[in-house]
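Everything below concerns the one structure shown next.
Here the chain labels run A, B and C in written order, and each chain numbers its own residues starting at 1.
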Amino acid sequence: MAARPEALPLPRVRPSGGAALTAGLSTAYLSLVVLLPMAALVWAAREHGSWRAVSSPQSVAALKLTVFISFAVAVVQAVAGTAVAWTLVRDRFPGQSVVNAVIDLPFALPTIVTSLTLLALYGPRSPVGVHAGFTRWAILLALLFVTLPFVVRTVQPVLVELDREMEEAAASLGASTLMTFRRVVLPNILPAVLSGVALAFARAVGEFGSVVLFSGNSPFKTEVASVYIFGRIESGDSAGAAAVSVVLLGISLAVLLGIGAIRRRATRHDG
Amino acid sequence: MGRYLLRFGALSYLAVLLLAPLGLVFYRAFEHGFWPAWHAVTSSDAVHAFKLTLVVAAIAVPANMIFGILCALAVVRYRVPGFGLVNALVDLPLALSPVVVGLSLLLLYGRNGWLQGHGVLFATPGMALATIFVSLPFVVREVVPVLREIGTEQEQAASTLGASGMQIFLRVTWPSIQWAVAYGVVLTMARALGEYGAVRVVSGNIIGHTETTTLFVYNRYNNFEAQGAYAASVLLALAAILTLLLMNRLRPKEETR
Amino acid sequence: MIEARGITKRFGEFVALDDVSVEVPTGSLTALLGPSGSGKSTLLRVIAGLERPDAGTVLLDGADVTGRPPQKRGVGFVFQHYAAFKHMTVRDNIAFGLKVRRRPRAEITKRVDELLELVQLKGLAKRYPAQLSGGQRQRMGLARALAVDPRVLLLDEPFGALDARVRKELRAWLRRLHDETHTTTVIVTHDQEEAMEVADRVVVMNAGHIEQAAPPRELYDSPANEFVMSFVGPVNRLGDAFIRPHDVELLLEPNGATQEAMVERLVHLGFEVRVELVRDDGEELSVQLTREQAEALELMQGQIVYVRPTRQTVFAPEA
């Protein structure tokens, strides 16, 4: 597509009934489905006594564990995801298209099935002798599984578009392959990597289904935030659950904003 | 040399993380033969669970598809004010824990909630709402970039030639976005079929009544009926593989050369 | 001195270079000229080490570099589409080669300043490539390649992506630069005017072969074959003979050695006039006259004139 003069303000399409209807319907739907429930959540969190749930040692442990592991997962995926994307774009081997399709498996597979499959392979009856079930490693494995596609899929299109001649220029100027990667390729794929990291982190922080069977959910040891919140709901303490949810959401948003800021800084050279 | 190392590393990572576990589920399901597995998934509870999953998906997917198209049009073409807020709300389900989604619905429709009663919770309507919530973003996110890229020229040309709004949509806009919509629908469907956490909270997980396929897997496993859990998982995994095939077919951009 | 011996390179079924051998004298500015697909860019990239030949050797100053990666050849390469490091400023782009060699900071700054001065980008050091025009980006590309004092400078259609006026300016500028620095330079181009204007020596290539390698004058006056003659300048073909448009005499009266022709069209190209004629035997002829000559003859469309080639070339049939 040739560059469009995007700067030209597009005249508002004639304010027809159709436009109003479309906008109206969308807004109504969005309000009913997303906005109202979220408002109810925030409102419930304000209830008296909900803070007790947030500040309880068990809750704090769950939040700490969740954030820490999610962060670790995001970092691992940043590296591994980039490596996988590179192999898929720059390398050539038989079965490549199958591998490419399989990347999306964690997205397509229901989380509870993920839990079950990881349990089958790395749990107590593991055929390969790895017993990671009911430990923190279990959480790590489950989260690595479900967040696998994110960085790979955000980096792939950027690698495809990347001007190979920049790398050739670097080589002709004397840079080794590693140096070329570090100084030329990486800065240009960094925004995409960060987008993927943000998505991975957001997913990991809230993950429930894939962790629930596999990690054992023991408080202070392997209980993640979403499981703790679930526990509060089952105990009838919805206000407490809401409060912790809001805190979790706040942490997610803060991290996402932070990543967004880094991303903006990394793309400041774009014209 | 470095290339082979990288290839080996990347592929091993994928094999260990993705393929091995999946292979094992298939193995465990049929470990004791085909028939025990078959019985597990044809029991009345199982069939009820499958039906419920399909019903909920049948509500959520079309609803989100229509919403997705309308919302994308509203945001890109009609330039609704508050675009930033709409964008944030649409993306919110991606950042929310499913448990929190379920909780928010419990609070809204439960005792003391603003929309209490109406038979929403612990019943199909609630489960449908939860599923709609978590699978909301996909069609919108696929259609918006396509709408942006194709621009308005064709639609403007059509309107100068006398086409009405609906005609323009059907004859000009729709053909350009249909594959993006299809891809988004596949993603939505996958999410809807596979949802666990939100539905668990909202439905109360009443066996035989508000038990979807994913809940069925969990319940069977917890009741030491692992066979049933694995068998149902195989069905879900097959659905997932079908999803992968469709995704691959309909993928909008070239992601490998 | 650059020597390429017996270079063959295939891309799948397509043979880009077929047993090509060429010598580039030290300190010269040599052009590789040819149409698309002639193999000229491929040959350049093989010399640079950006492509590996299927057969043949490359020698730089007598040393066999065929197995060496581009990092170790000491070549400077300039790309048609600039290959600018878009995430780095102009200064950092130019400094890249020096930074990679870990030169001391003071030396780098000094050298970059010199080069910025040389390529006339002095005030733009802190800008990013996206903020520069095409011509500025290419000057940056040149400065970047020159920063590490390459013993050989290779340019792959460096002005191809620029518009005509900028192209002419940079062409002249490149020639002046070469006259000052005397770095062995090879430039790839499909524009014969560019090659003839800028180079000491032109290597004409076609379909993976070298047709002729000679100074521009010799190419024009003594072309080795039909292809070279047609490629380096406009030419009339009458039967087996090839005649340059300005090697035709136009008279108003027959004189026994002439042939009759009718003026079909007069094209006034400023200082020259191109007369398109049809001879009485049906053959078309294009003649180039100066404005004075045309005015002296008072030519008009439809006029009958008499033509005689003053010089023509016939090539021996290819064996």
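Convention: a residue touches a chain if its C-beta (ideal position, glycine included) is under 8 Å from a C-beta of that chain, and two chains touch if they have at least 3 such contacts.
In this text, all values refer to a predicted model and were calculated from it rather than measured experimentally.
Identification of common neighbours of subunit A and subunit C yields an empty set. Relative to the centroid of every protein C-alpha atom shown, the closest chain centre, again from C-alpha atoms, is found for A.
Averaging C-alpha coordinates per chain places the centre of subunit A 53 Å away from that of subunit C.
Taking each chain's centre as the mean of its C-alpha atoms, subunit A lies 16 Å from subunit B. Work out the mean CA point of subunit B and of subunit C, and you get 58 Å between them.
By the touch criterion given at the top, residues 163, 165-166, 168-176, 179, 183-184, 187-188, 269-271 of subunit A touch subunit C in their complex. Interface of subunit C with subunit A (complex): residues 48-50, 69-71, 75-77, 79, 81, 83-88, 96-97, 100-101, 128, 130-131, 141, 144-145, 147-148. On subunit A, the positions that touch subunit B within their shared complex are 1, 4, 10, 12-13, 16, 18-19, 22-23, 25-27, 29-30, 33-38, 40-41, 43-44, 80, 83-84, 86-89, 91, 93, 96-97, 99-114, 116-118, 120-122, 127-128, 141, 144-145, 148, 153, 156-157, 160, 177, 199, 202-203, 205-209, 212-213, 225-227, 229-230, 233, 238, 241-242, 245, 248-249, 252-253, 256. Residue ranges of subunit B in contact with subunit A, taken from their complex: 2-3, 6-7, 9-11, 13-14, 17-22, 24-25, 28, 63, 67, 70-71, 73-74, 77-80, 86, 89-90, 92-108, 110, 113-115, 129, 132-133, 136, 149, 151-152, 165-166, 187, 190, 193-197, 200-201, 213-215, 217-218, 221, 229-230, 233, 236-237, 240-241, 243-245, 247-248, 253-257.
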